[in-house]
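Structures given as structure tokens follow.
Shared between the two complexes below is chain A, which has chain B as its partner in the first and chain C in the second.
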Partner chain A sequence: MSLNLRRISLLRLVPGVTIAALALPVAAGLWGTISPAMQPGAFRAVFDWPGLWPAARLSLVTGMGSTFAALLITLLVLAGLRGTKVYSALIRLISPLLAVPHAAAALGLAFLIAPSGGIARALSPWATGWQVPPDALILNDPAGLALTFGLMAKEVPFLLLMSLAALPQTDASRRITLAQTLGYSGAMGFALVVLPALYRQLRLPVYAVLAYAMTTVDMAQILGPTRPPTLSVQITQWMTAPDLTQRPLAAAAALIQLGLVLGALAVWRGGEATVARGLAALAMAGHRAAWLDRLVTPLAALLAGGIVAALIAGLAGLSLWSFAGLWQFPGALPDSLTAQVWMQAAPGLAEATLTTAALALVTAGLAVALTLGCLEAEHRFALPASRTRLILWLPLLVPQIAFLPGLHGLSLASGAGGIWAVLAAHLTFALPYAFLSLAPAWRAYDQRIAPLAASLGAGPARVFWTLRLPMLSRAVLTAGAVAFAVSVGQYLPTLLLGGGRIETLTTEAVALSSGGNRRLIGAYALLQMVLPALAFMLAMGGPALAFRNRRGMAA
Partner chain B sequence: MGVEMQRRDFGRLALGLALVPAFGRGAHAAGWGDVVAAAKGQTVWWHAWGGDPKINDFIAWVGGLAAERFGVTLEHVKLASTADAVAAVVAEQAAGKTSGGSVDLIWINGENFAAMKAGGLLHGPFALGLPHWRLVDVVGKPVVVTDATLPTEGFESPWAIAQMVFEYDSARLAVPPASMAELGDWIAQNPGRFTYPQPPDYLGVTFLKQVLTTTIDDPAKLQRPVDPASWAEDTASLWATLDAMHPNLWRKAEAFPANEPAMGQLLADGEVDIGFSFNPGRASAEIAAGNLPETIRTFMTAEGTIGNASFLAIPFNSSVKEGAQVIADIILSPEVQARAHDPAVLGFQTVLNLAALTDEDRARFTALDLGAATLTPDQMAPALAEPHASWSTGLAEEWQRRYGVAE
Partner chain C sequence: MTAGLELEALQVRQGDRLLVDLSVRIAPGEVLTIMGPSGTGKSTLLAAITGTLEPAFQMQGGIRLDGHDLGAVPTRARRIGILFQDALLFPHLSVAGNLGFALPARTPDRAARIATALEEAGLPGFGPRDPATLSGGERARVALMRTLLAEPKALLLDEPFSRLDAALREQIRSFVLETARQRGLPVILVTHDLADARAAAGGVLSPMGAKLSAV
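Our next item is the complex of A and B:
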């Protein structure tokens, strides 16, 4: 009895520990941002910069545009392709695509669409007549279209994965079948009876995507315009200027960026209400829209297929570069192939791979454990969900470049540098994603099962270990894989808090990508993909294998 | 605390330095023996830009020598930007961390050096006490003791000399422009085939300095700090040149490559016909690596091109300053300098005075095949001195004000 009491009180502590893990680093880091921003003249200097409004507009337009497009395509796929062969092919590709680091995906796309890139090479000179690449502004275009496309392409797999985790809880198949028996097209049925339930669970991931898209630095540096760049890229430049006098400017701009993200979220929220009213009116009107499937299915196949093809072609191009000898325009293929780059990269690789995997594994384990502890505590002690919700936002909303230097100062002052500080920072960034990925499925778990089990004599711990956890194993493992991938992808926290002494595949890859060497970038991008891809494959395939004889859990 | 400690170090080293000229080599050899003894077993974390695998391999090779001959372990921290390492030391100073700093050795120059020196973030002077210092060509190559007009005063040790050089594909362009004025004419006649990295990128600002140095009425002004009163007048010729050039640049100057590697990629992809780099041996090295076609050649404009040196500095809070000095000295040895000069390795210019070397050591340099794309010493144009660091900052800021935001 006393043992049981202690366990309960420990569980009660978990939400507090989680909140501390999320909030303390951000709060400390933010303090490190706010105090220099308050220096006299910092905000004035930002407002004096003529690029502020174009840069802010760029962040807004590319961020909101790409998020909207990614969400739309995700929903079109769910509405129009479920049950088709294209759909199952897409699902199989999610894990490897999600595992591609943003920078690698962007570099792949950049090579694909550049005037001297993959597409132009494939068509030249036989179709275009080009012996030298045309002088056309496709990459880094002033409107940010290339950046919007890149962000959208990279976020569709994430939103699809989040939907996959949430969909089983919305009872989608039965609802759509019911709608179809009433004469609705599949797509219309999806929009009217599945979407409202699905979006409730998809909302937080969508917000995370929006905040990320507005503040990304690596993708915007590669695909985005430069005169001016997006606000976050400009902040990074100010932050890393050698003369150190621009730090207050950077800090003030970071606060403006934060305000911009909050504003965009508010606008988005307003948009949600409008769409909801529209859907309600549509439902009341009773249009069956039998023709809709004929439109949605091919459109979804075209858009999703196009995105997947672009990502894969870009990565295939990078992979080819990693084996390429001289490869001049307009050659569609390299003049020669060589394994030289791989031979050179091999020695440094084993150690970086081990460090990366170990960090990611511990991060994912801790993130999932804390998430499960929070959710279970929330369930057992009937804690309000909103308490954790706001805190979760912090690491996702505050631009990394804004609070990491402050965090760095804290870790130095406390003497807690090195691997533990890096691990703590990874946890801060991975935890929200694990939580966002797991919470919807957890909360939507059929509430009737626990009372039923209790009526058969099972205590809450037994219900947790023998029913909830196994039944939600796929969602739990997916959350772990997401946390793993987030940890693998961390660059700035690893570099700053590790004092540069912790070498992961990502810190190596980003350092190399500043040299623009497509061959090495290709090699590292491939390797960077392998680890998270393994984690995702495990999350998708493990439960299916373990429960292959349980109908309803294998799928 | 930090200041006090630095002052003590400064005093000790100043004393050591004062002894050097008086007692010649023998005296500091004894002091150096202590350094070498203390260095044994130390691990030195060298923060250096990690964007070029050739440089990374070279650093690893130096690490092998250091371990084998001096028992010093060298760890290369690969940076995307040197400013990251500067920021780390700044943060450590702010947090009161006066020993056990994360950076032991840093590849640095220009504004980063000026900022760190002004902030009291550097250990030194140490360079003049290195045994191989006597081989450094301080007379013939003044850039090794002057970093963007700021005297290094022994707070950094040179390890390579770089000079801006233009690169072109002789298969597409038979005769390259001979002067900056001819380059301007060529750009006007060949729209879309030339560009430069977007300032504040280092090489982009170097291009601005190149244009300014070759168009300003009195280049001596550039050796002094910027005079705000005559700034507009002094730089007018630069902006007029750029205004004329921009409509005929790659992408009509609506976009610029990010840095030297990105511009090198444009040359490799055939998007531009003339590129430039800050390393006369880069083109040959890239040809050898299979990244550029064998028809690439280099040229320097008749007026000369901007040149400078790359340096090593030791942050004030490193706990292995002896090991860091051993590394800095190994890099000044003829063996290592000759390897860095080999275009198949790095293709860097040496900081040493070849006349001061033994015949055997000199042969290490003269025996090298510099590659078809590398200019011979008599084909090289004079190295133009870097303007004072305040010009770099001013030019980068003014460029961003004028061209950084599209109309």
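Our next item is the complex of A and C:
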């Protein structure tokens, strides 16, 4: 009995520990950023930097532009494609595309759109007449168009996934059917009767996308302009400069970046209100817009199909480059295939893979354990689910670039740096995704099972270990794979908190991206994709194998 | 000590709405049928007896099983078995695994006990089967044996026959009621089917304690 009591009290602590793991790094990091920024002259120095306004403008334009475009395409897909074959194909591709780290996706797109990239090769010389790559700044263009496109492509799958989770709660199918029986087109019905309810659920994910898009470092380093780069990239350069006197400058710039994000969120919020008023007025006007489906459906298919095709073609190109022998412009395919770069770089690749996998495994294990503890505590002690929602989104809403510099300073000062600080930061960013992935399945678990098992004499611990956990094993392992993928993709926390000494596949791939060794970049990026893919295959295959003789457990 | 299940001025409220008001004793081997339209307190009554009432409900009065007050006893220690509309077999376990789950931990000869239970249910050799491959009637019988293997001292039936088709229904109903009678279990049967009430051959009450005639 005493053992039992202890276990219960430990479980009661889990939600608190989880909240601390989510909020403490953010709070401590922000504090650690504010104090050096207050040093005399820090802000002065940032304002004296002539690149500040172009860099800030880039951050605003690429961030808001890509978020708006990604949201628009997501809504077009939902409005125009639901129930079609294209839609079910897109749904199946969401998880694999989400699992691809941002850096790998960006590198794939870079390989695709560069003057000597896949698209130029496919069109040359027969259509373009180019025998040598054109001298055009398509990649890293000063307006940030390549970066905007990359961000948009990578965020559409995320927003689609979040919408899929929210749609059932909006009773979308019946609402649209109702609107259609009143004479509205499907797309108009979606916009007028589903979108207002759906957007309430999408708001936090959209804000997270906006905050991320404005401040990403790895994608901006690969696809974004260079002179000046986006503000976040510049801050990272100041942070990692050997000259420590630039740290206060970086901290002050990080606070300016945070202010930019807050300002952009406020503007966005204002835009929401305007759109909501417009939709309400439109609904009153009674336009059926019967023609709208004929426009929205092909447009959505074209845009979504284009994004998916670009991502897949880019990733395929990366993989091909890592095995390419001689591959001169404008050849569409390499002259020969070889494993040479894999052999030559094997030691470095193996070490980075091991470090990445070990970090990701521990992160996933901790993230799933804390998530399970929280959900089980919520269930056993009947805790309200809503109060954790905002805390969950905190690490995704506060830009990494605003609090990681402070956290870096604190970890240096306290001596708790290196691998442990990196691990803690990975956990902070992986936890929300693990929770968001597992919570719906956990909460939807048949409410009758636990009382039934209790009537058979089983206590809560036995119900958890022998019924709930195995019955939900697929969802639990999938949450683990999600956390694993998030950890594999982390760039900035690994770079900053690791002090440049912890080399993962992602830090290496981004570091290589400015050089010209496409074969080596391809190898690192390919491994970056393979690790999360393996995790997802295990998460699907393990339970399928264990329960192959249980039809009731089929997905 | 009074054997059987006793509800002493048991009242369950939700806010100011009284849902259950019962004073009744069910002797071992006896069946009390509770009837009433849906939305009345039938399921609430069963939740009160198993100890799984939601916090929104307030309960007063006593529930006694063989003379012991169950008020402070957690569900898992009450020794009250329940059968639902659905068999609710655990999909990740075999039929034998489902039965083994219910057997108390220190039972000797577990495999033999499970085999015997399956024979009693007319399902010899079904142990390794996947519950998803069983017919509706087979599932219902496994669910009953699972409940009985936990050695309950009373049995609650929450419309357990309503999902079965007519022919099967009568067969399973008599199997369940006969088995419970043989074991001397006090039974509460919640139903909205008059044929169930007639077959139970006991008293019929509404959740508010009104006597009904099953004819």
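Criterion: the second predicted complex is superposed on the first by the 347 of 555 C-alpha atoms of A that agree within 3 Å, B and C clash if a C-alpha of one lies under 4 Å from a C-alpha of the other, contacts with A are read in each partner's own complex, and residues count from 1 in each chain.
To be clear about the criterion, a contact is a pair of C-beta atoms (placed from the backbone, for glycine too) under 8 Å apart; a residue touches a chain by one contact, two chains touch by 3 or more.
Please read these numbers as outputs of a predicted model, since none were measured by experiment.
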| item | value |
| --- | --- |
| Touched partner set for A:I94, first chain B, second chain C, both or neither | neither |
| Partner contacting more residues of chain A (chain B vs chain C) | B |
| First (chain B), second (chain C), both or neither touched by A:T338 | first |
| First (chain B), second (chain C), both or neither touched by A:L452 | second |
| First (chain B), second (chain C), both or neither touched by A:A179 | neither |
| Chain C to chain A touching residues, read off their complex | 47, 50-52, 55, 74-82, 84, 86, 88-94, 101-102, 104, 130-133, 146-147, 150, 152 |
| In the complex with chain A, residue positions of chain B that touch it | 45, 47, 49-53, 57, 75, 77-88, 90-92, 94-97, 102-103, 110-112, 114-115, 119, 172, 191-192, 198, 200, 250-252, 254-256, 258-259, 261-262, 264-266, 268-271, 290-293, 393, 400-401, 403-406 |
| Chain C-touching residues of chain A, taken from the complex the two chains share | 382, 446, 448-449, 451-459, 466-467, 470-471, 473, 547, 549-553 |
| Chain B-touching residues of chain A, taken from the complex the two chains share | 50-51, 54, 114-116, 132-133, 135-137, 139-142, 221, 225-228, 237, 239-244, 325-326, 328-329, 336, 338, 340-341, 344-345, 405, 408-409, 412-413, 417, 495-496, 499-501, 503, 507-508, 510-520 |
